[in-house]
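Shared chain: chain A. Partners: chain B in the first complex, chain C in the second.
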Partner chain A sequence: MSTPALEELKSNLRAAPKRILDTAFRSGKPSTDRTRSTFIFGNVFLHLHSTRVHRWTLRWSTTLGLGLATTAAFLITLITGVLLMFYYKPYPDAAYQSIKDIHFVVPTGRFMRNIHRWAANVMVVAVILHMARAFYTASYRKPREFNWLIGMGLLATTLGLSFTGYLLPWDQLAYWAITIGANIAQSPREVTDAIGITDWFDPGGAQRFLLLGSDTLGPEALIRFYLLHVMILPLALVALMSVHFWRIRKDGGLARPAGADERLPDPAGAMYPVFTQAPAKTYSLAAIVKGRTAAVGQGPENTVPSMPHLFYAELGVFMLTTLVCLALALVSDAPLKELANPNVPENPAKAPWYFLGLQELVSFSAFVGGIGIPMIVLAGLGLIPYLDREDSGTGEWFGGSGGPGVVKQALVVGFGAALAIETFAIRFGWIREWYLAAPQLLITILNPGTLLAAAYGIYSVWLVKRHRSARAGALGLFTCFLCGFLVLTAIGTYFRGPNWVFYWSPSDWPRH
Partner chain B sequence: MRKNKLLLLASSLGVLLLLIVAAVQENWLKPWRQVQAAGRIDQSAIDVQLRQITNAKLGIGDRCVSCHVAMAPGEQAVKGSLMFAPHKPVVHDPAEYGCTTCHSGQGSATEKDDAHGTVHFWPAPMIPLRHAQAGCGSCHVALGTPGRVAFDRARATFDRLDCRACHRVDGSGGTIRPDGGGMEGPDLSRVGIAGYDADWYAKHSAKSEKAAAGPWKTSFAQTGAGDLELLRAYLATRTAAPALVEAKSTFLSFGCLGCHRVGGVGGDEGPDLTRAGEKDPGQADFTHVPEGHRLDGWIAEHFRSPAAVTAGSQMPPVAASEKDIDRLTMFVLSLRRGDLPGVYTPVDRMKAARFGQREFATDGATLFGAFCSGCHGPEGQGRQAPGGAAFPAIANPDFQSIVSDKFLTETVRQGRPGRRMPGWAKEGGLRPEEIARVVEHLRSLSGTEPAAEDSWSVAIDPLEGVEIYDANCSGCHGPKGQGGKGPALANRAFLDLVSDKYLFETVRRGRRGTAMAGFEEGSPTRRALAKDEMEAVVAYVRAWQGR
Partner chain C sequence: MTVVPGSPRSRLDPEPLPRRDWLGLASLWSAGSAMLFALLGSMRLPKAAIVAAQSKGFDVALPESLRIGEAFVPPNRAVAVFRDAEGVYAISTICTHLGCVVKPGAEGFECPCHGSRFKPDGAVSRGPAPRPLAWLKVTPGDGIFHVDEGKTVPPGTKVTV
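Moving on to the complex of A and B:
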């Protein structure tokens, strides 16, 4: 016996799977250009994308996929990190033992930890390269100035994430690297000591104490670093990343040269129709959207639907990044030394590799390496979009006044100056070796770090004058900064031994 | 888009491939999985799974049994690989104590090199198997161990009295005889801990008298109190760690405690050795160790040439046979002090740490061997390290016949301030009764009687001795008596203790076997001194006491 109500129930039940699918997509299955666009627009995760993307953006040479690689590396660390959290115990000694367990008995634990470690390093490298890409293609210009600043925030957060993760294994490597890091945070003391005000004004000590939660590196520091690493910094990063992506869309997609449309070849035949339907979306909102958006003023002729064109590119880069991380994880284990022992200092104790350039500067003057140079670099980088207000060369590799020529020259100057000053300091020592009684303030003002910064600064001012362009100066300064970073980091990583003495190879290090 | 699609396809396939590789590694290529795959109990395969022994109180989680499966509790029957040898029967059940408690190494590891601790960055490598008993030192201290001479004598007595005819001890003796007898007596390997019937001798004698034949008649004979005392000493050392006891008794014969502390007792010239066996090989310099990167090799080489292994070491090379160096190495390896929870603290360690019981026997010979022989020589014959000042030959009869026991006792007690001889009446030094036994032992080394207290004193103006002293004595003893090649004479502690008679007799007769000649008779290089000249010298030396 069947009643209409039961019949209806039955047919509803039969239709349920299809309806669940339909309702999931809100605007129906994304099968036409229009539904694909509305799908992206209406999806909470995808709407950070624009629905259509310019064909210039999809050229590999435009971005090299570096921003996406950074995002991909972050997602990989996020997934593997959450898996590691199931076993990790953030308390001294127990932390070390839990890493041993992850390494030896947790199923695929070693693999996951290796991936996590490699993805973190890939992320640091990729974010620096991504910044270089954005700089060299002059993509920071109007209206994208603020996104450059957000990008710098992301760089700092990435380094913070990597640095806080460094301590968690609680082994000798971690312990002494973070000790060095915390001492770098304390470096303003060099100046406050020199002028004798540390007793009542001690920002260095306060910074260090804030970081460690104690005078020594112990359980308080570990729980702080853990909380920063798994909660505060990732949330900050996700928030900044969302704004970063959102601003790309709102600032009119990626920067491209003025003549991009003319320079693009005709779309290949296999491509989805470039433009098959008039956009259903009206641009009435454009009145409150600042700047030139993808569609306003230019017409959508050279855009293609993000789905699937952009998605293939994004997924491709994501999988490639995953491949790189997995391959590195298979061939190289993440390091784990002895259990942290506050009584047995590592010699040399080295900070994580991306801070070794700073540590090299700190070895000359703690204040300059720990505060002075980083502040100058951050301020300089942040000011770039506001000092360079030119238009020529936007979206072009090494575009703008001077162009590749300045970059080549700056490579010579940058490497030359860094190597020359380092060679001199290593060969002949510095003021303290010549006059033991030299006042500390003199060394703080006059040391290889400040000299190098001054040389780079003078060179870039000269470039500005010569090319009558802030962009030329910026090209020179940024290139020099990269060269200095590379030279100092390489020296700190490979050529510094016990007591921070220069050695050609670790096999020359004196034994204990 | 085609390029991006290809990129996606290629990298996805690559990722898939790497994931398969990782899965194979994880599920098939893990070393312990491959080891266990060979495991069989009565022809049937065993479960391939991670095995471990945990004990929260001891803080261990030992996965060694993932490969050494037959040592896991209840799995002795596993066969199929050389790695599946069951553990030798031991007092401490591995099911409770785990592996690293005794053997050290890295219990949480599941791969050979990591587990055995022969990798970088693991500070506690496994104790080599031939020195396995050194692991006992993690918890135990062998109490009252005699020095080598006393120990050898006691063991020789045990063998000579044919106790092994019936008793098994440390895996030998108690043989099964063709006539069906054998193993009549209990195993004595652990009687040092477990104890034994104090009346055993009377009971043995009674049985032997009644017996008509057999081992009671042939292997037991009555003996004297001296032998019984030696047997008692020997049995007290039977703690199931014979090699370690022998190593320790060797250590106690090289005078090491004269400079090093062990367990709070000993000298302060050298580093405290209480935890020397826990040394992290990663922190040791192996440049001058020929045997490779192993802690035992480092320790052995350090005995052979200390200054070569540890730059700046003041320790003289240990003049020992390779066999003894091996024993010394084993003992040093045994010097570890794991932090033990209360219930696991063994009685012996408690007795040593809390109740002041000595780790060494406190007879004079052992004490002399352990504390004094490093400088004064095993027979008290004195010693001179190349380039250093000579250490006095304190067993010399010429010396002993003119000193009083008080002189010897006080010298041991206070030492000689300003000289190498430390005072032993200190915290971590010797107790009064122990010092008395050392003095007694010194007397027995020379076979002389103590000199009587003598109040005779010279009555001559010290100034008369100046020239004689300068001409005859200052070459060795220094122009101001500060010492040189010979001992310091202008030393308050020395002069307070010696009598004029001692000084006079030493000048008169000299000390045979040393550079100190007697001045009663001349030699081709110097003239004899007259009695009043010698007395003048004594007066001159005595005058330094007042300063």
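Moving on to the complex of A and C:
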């Protein structure tokens, strides 16, 4: 007793699964150029990509996949971090117990924690390398200056995430590293005290109080760090990342050398001219948009559809990053020391490794190492695209005036100066060891950190004059600072023991 | 904006400044300043008016056996209390460099974090610490001494019963 209406209902039911899919992906299988394009711009998650990418962009040597690796590492920390939040309790002592539970009791807890920890480290390494890549290929130039600044924000946010995460386990390592960190925030007092104005003007004290929510490191501080770590900073990072990616498209894709088209090998057989005639004009959203885009006068011959070319490359980097994080998490456990004890400092008390270079400087002057040098570095990095207004060598490794020659020389200068100054300070001590009554202001102004920064600065000014180019100076300065960072970080990590005394190896540390 | 017929302006040219729209501008500014004030007001929130922390003042009873120049560290306090011929005094054991807790010893104080050393009276003798250790206010009581970690006194201030 089937009626036509019932029949139709049945057949609709049978067809439903396919129709659900069809309506979700309206363009059908991405098998032709047209459907590949709609596949991308018809999908809210994918349409951050352009539909076609230049073949230069897809060369491994262009990016080394570093920005993507950073993104991948972030996504891994995001997923594992949310999982850790199921058990983590942000209150002193309970926090430590909950991490212990995660580590020893929760199924897969230790593995997730290890992955989280390792992915955070991978992210820091990747973000620094990614910045170096963008710098050495001179990709920060017009019109990408502002995206370089967004990148600086991303770097700072990434470091902030790591720093705030470091406190969460509430063990000895965490407690003392953050004590030192919070007091670094207070170190402008070194200067305000020296000139005697702290009673009226105390930015250092205000910063520390804001960070800790109290005058000691306790529950208020932990909840603030937790809030920053799981909410404020991840949201800031996602917002900055969106702008970063969006601007890459608006800036015409990745930077490439002027002669990229000629230098690429002939396109593979599968490629064919899209336009038989070069278009004379590109049409943006509407004629209200002023200006002509870079595509004017040329056909998209040297571009390929993002689906599949770009996507497969992205997927490859994502898988590789995941593999690295998983492998590291399998072989090495995240550390967990004893419960935090506010009466007995961990000795030596070390910050996360990427801050140990600064901690090395802090051991001469808190203000210079903790605030002065980082500010100079950030300001210097931020100014690069606005000081180097040249255009030779854009998109080219070590491109621009001076080129690889300057970089090699700067490696020698950078390592040499850092090693020399550290050797001197370790061997002979510093001003207070020779002259006890030395005023603090003198030490704040004259210490290994400021001397090193000055040496690098003078060298790069010399480079600017010698090569008559800001790019040459920038190449020298950036390379020098990278060398200084490596030397100081290595010394802080491997050669400093109890009481921050220099030891050739941890096996020489005194037993206590 | 009205387009004057016959004007040569192309759609690619920037638009001339639109006629002043008082209502629009007024609402824009009032919304802007409201937001600014709301922001300033809420920035007040993170700075607590009352700090929840253990009380800064505490009482100590010095053991009879305490020798001259020997430090007595009350439990859970970053303070070293001394007694000598001139009286009793307390020195904070929080390093003036970056806040680690220094260890009192025969030759003064030693900081484990970046190697600062202090003389027995708290003066810096080496390392990165910018200031001497703080001397804290001590008030004698009935067989005990009251120490206030929140109040500093000039170095050399000692009290007798």
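The rule is short, and it goes like this: the second predicted complex is superposed on the first by the 479 of 512 C-alpha atoms of A that agree within 3 Å, B and C clash if a C-alpha of one lies under 4 Å from a C-alpha of the other, contacts with A are read in each partner's own complex, and residues count from 1 in each chain.
The rule is short, and it goes like this: a contact is a pair of C-beta atoms (placed from the backbone, for glycine too) under 8 Å apart; a residue touches a chain by one contact, two chains touch by 3 or more.
What you see is a predicted model; the values in this text were computed from it and never measured.
Contacts of A:Val362 after superposition on the shared chain: chain C is touched, whereas chain B is not.
Of the two partner chains placed by the overlay, only chain C lies in contact with A:Trp500; chain B stays clear of it. Once the two complexes are overlaid on the shared chain, A:Glu190 sits against chain C while remaining clear of chain B.
Of the two partner chains placed by the overlay, only chain B lies in contact with A:Lys337; chain C stays clear of it. When the two complexes are overlaid on their common chain A, residue A:Val44 makes contact with neither chain B nor chain C.
Judged by the touch definition given at the top, the superposed model places A:Ala5 against neither chain B nor chain C. When the two complexes are overlaid on their common chain A, residue A:Asp215 makes contact with chain C while staying clear of chain B. When the two structures are aligned on the shared chain, A:Trp176 is found in touch with chain C, with no touch to chain B. Once the two complexes are overlaid on the shared chain, A:Ala437 sits clear of chain B and of chain C alike. Residues 344 of chain A contact both chain B in one complex and chain C in the other. Only residues 11-12, 14, 46-48, 51-53, 76, 78, 97-101, 110-115, 124-128, 130-131 of chain C touch chain A when the two sit together in their complex.
Against chain C, the residues of chain A that register as touching in their complex are 176, 179-180, 182-184, 187, 190, 193-194, 209-210, 213-216, 218-220, 224, 287-288, 290, 342-345, 347-349, 362-366, 429, 432-433, 436, 440, 443-444, 498-501.
Interface residues of chain A facing chain B in the complex, by the touch rule stated above, are 58, 60, 97, 100-101, 104-105, 107-108, 111, 171-172, 268, 270-272, 308-309, 312-313, 315-317, 319-320, 322-323, 326-327, 330, 336-339, 344, 511-512. On the chain B side of its complex with chain A, the touching residues are 1-5, 7-8, 11-12, 14-15, 18-19, 21-22, 25-26, 50, 63, 108-111, 114, 120-123, 280, 282-287.
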